[in-house]
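Here chain A shows up in two complexes: once beside chain B, once beside chain C.
Our next item is the complex of A and B:
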């Protein structure tokens, strides 16, 4: 059977979901468990194909709960593992995602967002799960969530998601959307990445570290370490400690610090025309492309508009947004939900924040944003 | 448990978390004897459990890799772990509520797929950990915290359930007969593919006290009295069988 294709800088026409699967294989993913759901299913189908020819393991499970649990089990066995889903499946996975977080299990989940809530509009785009990625499971969690805006980024950010997940032992989400997932555009399956691997054989207890923001080593099942993995509160060795207040607080705090203290390493933003901007969009995913088109049009009309695009949803790009708030008069946040990130933006930016929302299963037209900005500046 | 099995226990254990008279500790002993007979190296063993008293049988007690998961999902976690690392002998040990109520769908699908797992269900016919609520294995008429006047519903026949789904091996024995239980667990682990052992493991605290058998000895005797070999149960009516523990090997 043919193995992994040689990386290539040649750009080929590709669908976003396929690019995510290619990225996963390039990152070293060798296990996929999933359950079909539109608009993410192409990822699963492509993974079935790619894992078959790359000595990997693919399994179609009985539901999304089983899928995410199988992924966590596989990761415990030392194999990089992933699943892909959309809204209803993401909801079903929430309990296990909290388990993955608390057991510090690296894993990647691609959520190709569709128009919710409920079964919503399965084939139409939405960005309504961005808060669920942060707050969907119970308890205090600090997951990592990336957000691609192009087919190339479906590839690049899936690789990055694996790298961050392995580096920090934190479940990591690629919060794609139907438009980016189903978009077809040129994409290079390049090899310009260092690939991270978890610290499997390092010294130290598997669930503790002397450094407050420390990432402990993660031996696999079968490594002879007699691991105790549990989603209940545990001490650094893994013994359940469900009555000790100090151990619980120390664990919750250390897990928070793993992501919070490494914002600089995790958060990625991109700036367009911000040097002299008086108004700026703050956007993510497919809506950032709308915002870029609108900013360009506004510039042609003589309006000093710019864009801060974030590739990281969580941890939130607090510093970049605060700085933006000091630079511009107004921030406009276009998104395919009822203003979820506009609210977060308001908490961090001193400037006035305007929310442009659209929940009709369609991407926003740039013209709508142009008109909106003209009104704001009046 | 005999001293001979202590070598399989994890160092640093404080003691047992099980109530006096709980069957789960006897099941732990039977499981370790079976593992000892087969001679599997501890580093090649992975025990997966869900949530409940029974989920504490392997975790943290056994000195091997233990994965203590979510309520109901042990079989799904075990499926991923086993497929990713086939060299590991992967054994699920968990409760009746965990494996067959909230986790029932994972159980039948693992049996259907014939994933190489051994699932051991510690059936105490009740939700022990949460205070004695009705389980899908509670006998008709038994009193529980949520059915104080007696459970109106029939229990699952777990062995028949997994056989219907494709299990390679299925047996049921009470912890009052440890040698049979050890044999069954040994056979289940030695048999490739999906195998299942149901251990009747009485719960004096939550079940016995509510059902006229607060004394552990009385409860164990009652379990013994209700056990009937599968050959002898064949002439019974369906409803009569429901009142007993039909024991034996049901597959092959």
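Our next item is the complex of A and C:
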């Protein structure tokens, strides 16, 4: 397997979770704190190995709350930092994720989703955390969440998550699922990426920006600047301002604009057979691979089916879905939850939206979608 | 993911057994062998949360083009090393497919149109190595010799990459035993 200093376009059979760890190192991650949980643990084990040989720091914490807090602290010291978990751990991390969001701390969290709620089925697949990624912590937050559908994308999108997180100073999630995390496929650990770094030494206050992108510079602890960091409302210099209505509104609004005004830069979708489609799947993660197989089979049967696949869960690909709604008669949303994204899709698409859900810890087989579409078109 | 529309060679292999028999490892190795043969490949597994015991299943999809859905829908080849996984999967096997089972653990039943072959891999592993571990490699050797979904040459090459000499030698021996058993395999008549 190629080492850190030799990116390779040669494809090597690799597990998705391992590819995510390799991507993190390639993106410049040098700190990992975590607590093991199936089906994400391989990421942690691989990070322990890779950080040891790449001048990084790895620490197994006592739980997920401590893990995410350690990640926030590491990022504050100027290091690219990450953790990996699954649903139950993601729940424990929500409070600190809100703190990380409000303090504009770049960090990456890989959630390898399993069948929930509760401890659910640890070894089986689910996609039930996609709304939690958006609304899990309290208050108005606008995090970024990406969604890989292959081992290659576990690598590519982990790198992209670091880039977006550094670029916008916002916690960024890689919302993988057990099926993709545990899948083994050929993957190229290529080096064809620009790597983003936060603006650490720029002019201006660390928590306020007049720049159009709304992203302030982020000095690290020890860089010589007076640095105050608080999860309470603060002015651009970082002073607590918990009674000033204008400052609170301005802060919440600027944080929203960092992601909402940059949808074009963040959102990535992929189209398959949509040119003349009368029915289309809208899908993400492992379910998008079911949908692509189904669309291909339907095409062979003479049905004009297509697929809009999103690599970005949040911000939601509103434009692409609205446009899809104008192009097709019906949209079918397959997902491993009780219809979470079908609901979001309905809010943005004018076409009829059908939800195909499956919550038995298994991926949806293409045949089920083929039959479903045939029924819809009757 | 690509829009390419070619219909081409594609095989789905499922290996079932009890956790601890090395079925997941066999699946991973089979995937590596298929990749060595130049195939596109997707390997996955299904197992419970228990530390040991329980059913374990490894799936390998191999093709000469992109693999959309990476899990096995209908196995072209089913291998079972335990009665529970045989009972679970064998009745669903489609006519014209191949089923390899280890008679040390499995009593076969009637499976209409399925070519069921007994590969006494565990017996052979006990005789050769003094214990049943290694049966997973024996059965991979039999699989390659009987079906050709992967080449014996690539199987040997992948096994040969193991840095531990004793494992390497035993496992290369296990492939030969598997190929030998494949030559003698009898179809289940019941």
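Here are a few things to note about the model shown:
As a convention for this text, the second predicted complex is superposed on the first by the 371 of 378 C-alpha atoms of A that agree within 3 Å, B and C clash if a C-alpha of one lies under 4 Å from a C-alpha of the other, contacts with A are read in each partner's own complex, and residues count from 1 in each chain.
Quick note on the criterion: contacts are C-beta pairs under 8 Å (C-beta built on N, C-alpha and C of every residue); 3 or more make two chains touch, one makes a residue touch a chain.
Given the structure is predicted, the values throughout are model-derived calculations rather than measurements.
Look at A:299: by the touch rule set out above, it reaches chain C but stays clear of chain B. Of the two partner chains placed around the shared chain by superposition, chain B is the only one that A:33 touches, whereas chain C remains out of contact.
After overlaying the two complexes on the shared chain, residue contacts for A:315 are found with neither chain B nor chain C. Touched residues of chain A were counted for both chain B and chain C, and B has more of them. In the superposition on chain A, A:81 makes contact with chain B only, while chain C stays out of contact range. Overlaid on A, the two complexes show chain B and chain C touching no common residue of chain A. Contact residues on chain A toward chain C in their complex (touch as defined above): 13, 38, 121-124, 149-150, 179, 182-186, 270, 272-273, 286, 288-290, 292-293, 296, 299-300, 309, 363, 365-367.
Across the interface of their complex, chain A is touched by residues 10, 12, 42-44, 46, 48, 59-60, 63-70, 73, 76-85, 87-88, 105-106, 109 of chain B. Remark: chain C residues 1, 3, 5, 7, 28, 31-32, 35, 40-49, 67-71, 73 touch chain A in the complex. Taken in their complex, chain A has these residues touching chain B: 30-31, 33, 57, 59, 61-63, 65-67, 69-79, 81, 95-96, 99, 220-232, 237-240.
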